[in-house]
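The following pair of complexes shares a single chain, chain A, combined with chain B in the former and chain C in the latter.
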Partner chain A sequence: MEFEPKIAPPEAEGHEGNGTYELVIIGGGPAGLTAAIYTGRARISTHVCAGTLPGGQPANTADVDNFPGFPDGVDGTELAQRFQGQAKRFGAEVVPETVTEVDFSERPFTIRCSRNTYRAQAVIVATGASPRRLGIPGEDKFYGRGVSSCATCDGFFYRDKQVVVVGGGDAAIDESLFLTKFAEKVTVIHRRDELRATKIFRERAFANPKIDFVWDSVVEEILGDQTVTGVRVRNVKNGETSMLETDGVFVYIGMVPKSELFSGQLELDDNGYIVSNRRQHTNVPGVFVAGDVQDPHYRQVVTAAGTGAIAAMEAERYLGEYPY
Partner chain B sequence: MNVDFVAQEPSKPDVYDVVIIGGGPSGGSAAIYTARADLSTLVIDKGLTAGALGMASKIANFPGLPDPVEGAELVRRIRDQARSFGATFIDEKVLRADLQAAPKRVWTGAGGHKGRAVIIATGAMGRTRRFPGEDRLLGRGVSYCATCDGAFFRDQAVAVAGSNDEAVDEALTLTRFASEVHVLNPVPDFNAPEKLMEELRGHDKVTIHPSTRIAEIVGENQVTGVDIIDQGEEKTLEVDGVFVYLQGNLPITDFLGEGVSTSEEGCVVVDENFQTNLQGVFAVGDVLCKHVKQAVIAAAEGVEAAIAVDRYLHGREEFRPDWSR
Partner chain C sequence: MPLLNEEVKEQVKQQLADLAGRVRLLMFTQEFECQYCAETRQLVEEVGELSEQIAVEVYDFVEDKDRADELGVDKIPAVAVIGEEDYGIRFYGIPSGYEFTSLLEAIQTAAAGEPDLSEETLDALSELSEPVHLQVFVTPTCPYCPQAVVLGHHMAVASSMVRADMVEAQEFPHLATKYQVMGVPRTVINESTHIEGAAPEPMVLDKLREALAAEEE
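Let's turn to the complex of A and B:
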């Protein structure tokens, strides 16, 4: 087909959009926006479907102090805005719209949003993942300021404080062990009477004097006025409710990669993560992937950004090798 | 988070949890994560402008920094961040290492350091070619370390080849011993902090030779001089020592010694967690060769290795996160 880059009007303005681009990026977190910085700068016509809340997970984080280059730390919302401004300045369009359907069976690929439909010669999927939430009162209120799902990110803030960890798998116990480096006491609350975590984690956790366990129990409410002060715990066997004082709650009941949209079109692993090689290729030539939707391991802003940069450079190479 | 935190005084343990060799974007970012994970962290680096990023004039594609920054400024920011979490930085050059020992050992001109884990992040600015006479006279007047060998040149004349802050710093070190220091800069300008440059220019023992290349290092059993091409003109400087701090594009692995697997091209070989064939020895950044040279990718690698180091040190390296089951 004849390829003509065309600027599609943003969905927010209510126009009928029908843009064709060299590249569409699905997802507006650190991975997607870093990719857009690179492809925009390489003068590839780039459209970013950034979702309804552009910025991704850091946008919900009060203070990001481990993103390299910011010795004084940076507010998560500000960091997200910086990514976005930089991508736009290099010519990428960043639009807050949600993708509802994709067709990767032929080039150009089709990306449908509620209002607009885009066609692209290459796609980068960077939809991210979300920590599974408890869905209890107080969780939303304190998310990012006392309730966390990342000890690597936030453990540091709990030096000599008391924390609660919810969960009993590898992640919960690994992060509990990590938290003992900072916290005075770590209380693991688990809904069963045994840990599902692998043996080495169990042994280490049981041997660690800083870790206590509350078995057969679920957290029903996170309490506090300005900051988290405690949790309400219910024993699932006898129904008894009790209060536990704590300064922070770490929730490890699983991550959910946002990959439903691609099921049947891209190869997913058993946990729903998109399968890619180290160069961020998916099983479909021309479709690349970056960030947490392909990463169960690291989940850091800078590691997501790194994969975004790699995906962008691979997309650029692909567009050069397979002209349309 | 509204939690007050006062950075702890960097302690100086006998054995560090991790020694990071190279403080560019990958080594510096690794240090942010290891120090923040409460691992005692030592970073050994040759200087702010000694690496590829430090030399870069403007970086516009590092995410989060929409206004272009100088490479050296980005490196400085990353290092300040690592320091704020307790990492210790020293300006030295690693000359030798024993990475099979426990703890692992690295030696600089100033002494030895021990680490339970090591991250190699030395980059790929090693020199591609040697000058005629250089190899033959190595240790006989040719040196790469003024801190180590400067004292041998008391009241003698020496030449220093290079243009970055490492070269300038080493030239200034040599002024404490030598009677004359000739700085041979292959390009017209230096890439070094103005403060160092002022000191260099103002020093009465120092003669700066801009746009000057070395043709040959001469001497029978000991260096007696160096043939130079000074802005097109060939001449010989009579010196007793030649200190070389020039750069190229080879991975810097010459200090590694026995044990660490490298490819035919001299690149360090790692597994998916950036661990080399030696347990507890990791490598990231340009020293791996296969990578495009982008600061954000190097930083991401440093962070992944840092997380792997933490797991290694806590016997958790067999961990396979399984978040969604």
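Let's turn to the complex of A and C:
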């Protein structure tokens, strides 16, 4: 049981939220909060629309082992909170609200949330990415009641049960290891014959007696009546299908960039990532981008933070040249 | 040993510095305290010390049964957060981890007595003629859950017809089983209807209407 109290910033109040800022940052993960640390420190009036998951993806991660400065690893939530605390210390407003609409066609730019509307001379988009869904029969039906993408949230419900994890990257293996705290058995189903996860995760997973693997296979259907009872698995090499009994399915097959909001306003690539140059500029002057929403390759906390810092410094320079 | 360290205490003090009114935290435990009753009582007492506007009252679930019944408290540990009136804000199980945020929010909401909801939601809630019971199932390690809990509590403040509970699933496994909770947050509306995940306000409103319509049939 977790006793450590976690404090998120208070909800937005209608009256304090509306207004004009030099900079609005859309996204409250490592990229957005790092940007806010820099711009807050540069005395730029900064408002962060932090979305529904304060702290971003690390808040949904058990342990972050590869962020510099934490030799023993750090709880993902704690790291997220430290980012927030640091951003607020330098005067950035960080509010857990979701942006519903933007207008980047003229300055000041308009950023609309469910209750508040903001105007800003510059914007940093750092909306991140969300878990990719399998898109197979049974997935929607059982989402939240047998199918999950949050092991830290839902792992408890699989105490002494059998679960399937779909995927073979870092997230899949990290969360499989976490799930062994609860589940009797964790079966990793991966479409290739080796894991993409880094070596340290592979070693830990192979050494864990509760984890076994189904290679070269994809899940085609999630089965069950009231609850999940199994999955239909197809071997991609020989085409054979088989049934595997399970009580739950955790899906970690990568992420999709959260860029729908900007379609038609910012240039996106074929996979939906926002296109940027090496200085984190988008195709709209004054709108910058950072973190996973523009990064199909690395998607690390430290790279998100890095691009956040670049975007912030570029926004600062832009605001200096074009104050309004 | 205190549950809140000095750093957290300072943050809480700041967050509760300008409470709009007085708040009472009615905590229910029993003589032989259940697994998390002692911790919940301690947590609530520690929070109570951080604002002069907050009063903590500890009750015995068995000896003070009348008080429990009056408040609709049917399991422990329980905390009723009461402002100028009892808006129907309840916590069942320890509000720790991410749910500590929900507790602080509930205190602020009850103190102000003014829900932070859209006009449309407020209009719809003001027309309720049937009681609505929202049970938001959570785990303390779920970063999405407070959003659902806080929304429920705002709805409770908006209408005397609505009561809203946070229910910590790990402490009430029989309820998790009864309501088929396999993922959190899960909001159960009047026993019958449920919402998976931290749904936005309009969607919760739709589900609420759906639940009431289903009951009329």
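The rule is short, and it goes like this: the second predicted complex is superposed on the first by the 185 of 324 C-alpha atoms of A that agree within 3 Å, B and C clash if a C-alpha of one lies under 4 Å from a C-alpha of the other, contacts with A are read in each partner's own complex, and residues count from 1 in each chain.
Here is the rule we go by: a contact is a pair of C-beta atoms (placed from the backbone, for glycine too) under 8 Å apart; a residue touches a chain by one contact, two chains touch by 3 or more.
Note that the structure is a prediction, hence the values are computed from the model and not measured.
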Can A:Glu97 be said to touch chain B (first), chain C (second), both, or neither? neither
Answer with first, second, both or neither: which of chain B and chain C does A:Val74 touch in the superposed model? first
Name the contact category of A:Thr227: first (chain B only), second (chain C only), both, or neither. both
Between chain B and chain C, whom does A:Lys181 touch in the aligned arrangement: first, second, both, or neither? first
Once chain A of both complexes is superposed, is A:Thr52 in touch with chain B (first), chain C (second), both, or neither? second
If touched residues of chain A are counted for chain B and for chain C, the larger one: B
What is the contact status of A:Thr152 with respect to chain B (first) and chain C (second): first, second, both, or neither? both
Quick one: is A:Glu316 in contact with chain B, with chain C, with both, or with neither? Answer first, second, both or neither. neither
Touch check for A:Glu22: first (chain B), second (chain C), both, or neither? neither
Following superposition on chain A, which residues of chain A contact chain B and also contact chain C? 145-146, 152, 154, 156-157, 227
Mind listing the chain C positions that touch chain A in their complex? 3-4, 8, 11-12, 15, 36, 39, 43, 94, 96-98, 100-101, 104-105, 108, 116, 118, 139-147, 150, 169-170, 176, 180-184, 186, 196-198, 200-201
Where on chain B is chain A touching in the complex? 1-3, 5, 25, 28-29, 32-33, 36-38, 60-66, 74, 77-78, 80-81, 84-85, 272, 292, 294, 296-297, 299-304, 307, 310, 314-316, 318-325
Sort out for me which residues of chain A touch chain B in the complex. 30, 33-34, 37-38, 41, 62-63, 65-71, 74, 79, 82-83, 85-86, 89, 129, 132, 145-146, 152, 154, 156-159, 161, 169-171, 174, 177-178, 181-182, 198, 200-201, 204, 227, 252, 254-257, 270-273, 278, 296-298, 300, 302-303, 305-310, 313
Inside the complex, what are the residues of chain A that reach chain C? 1-8, 10-11, 13-14, 52-55, 59-60, 77, 96, 98, 114-115, 143-148, 150, 152-154, 156-157, 226-228, 248
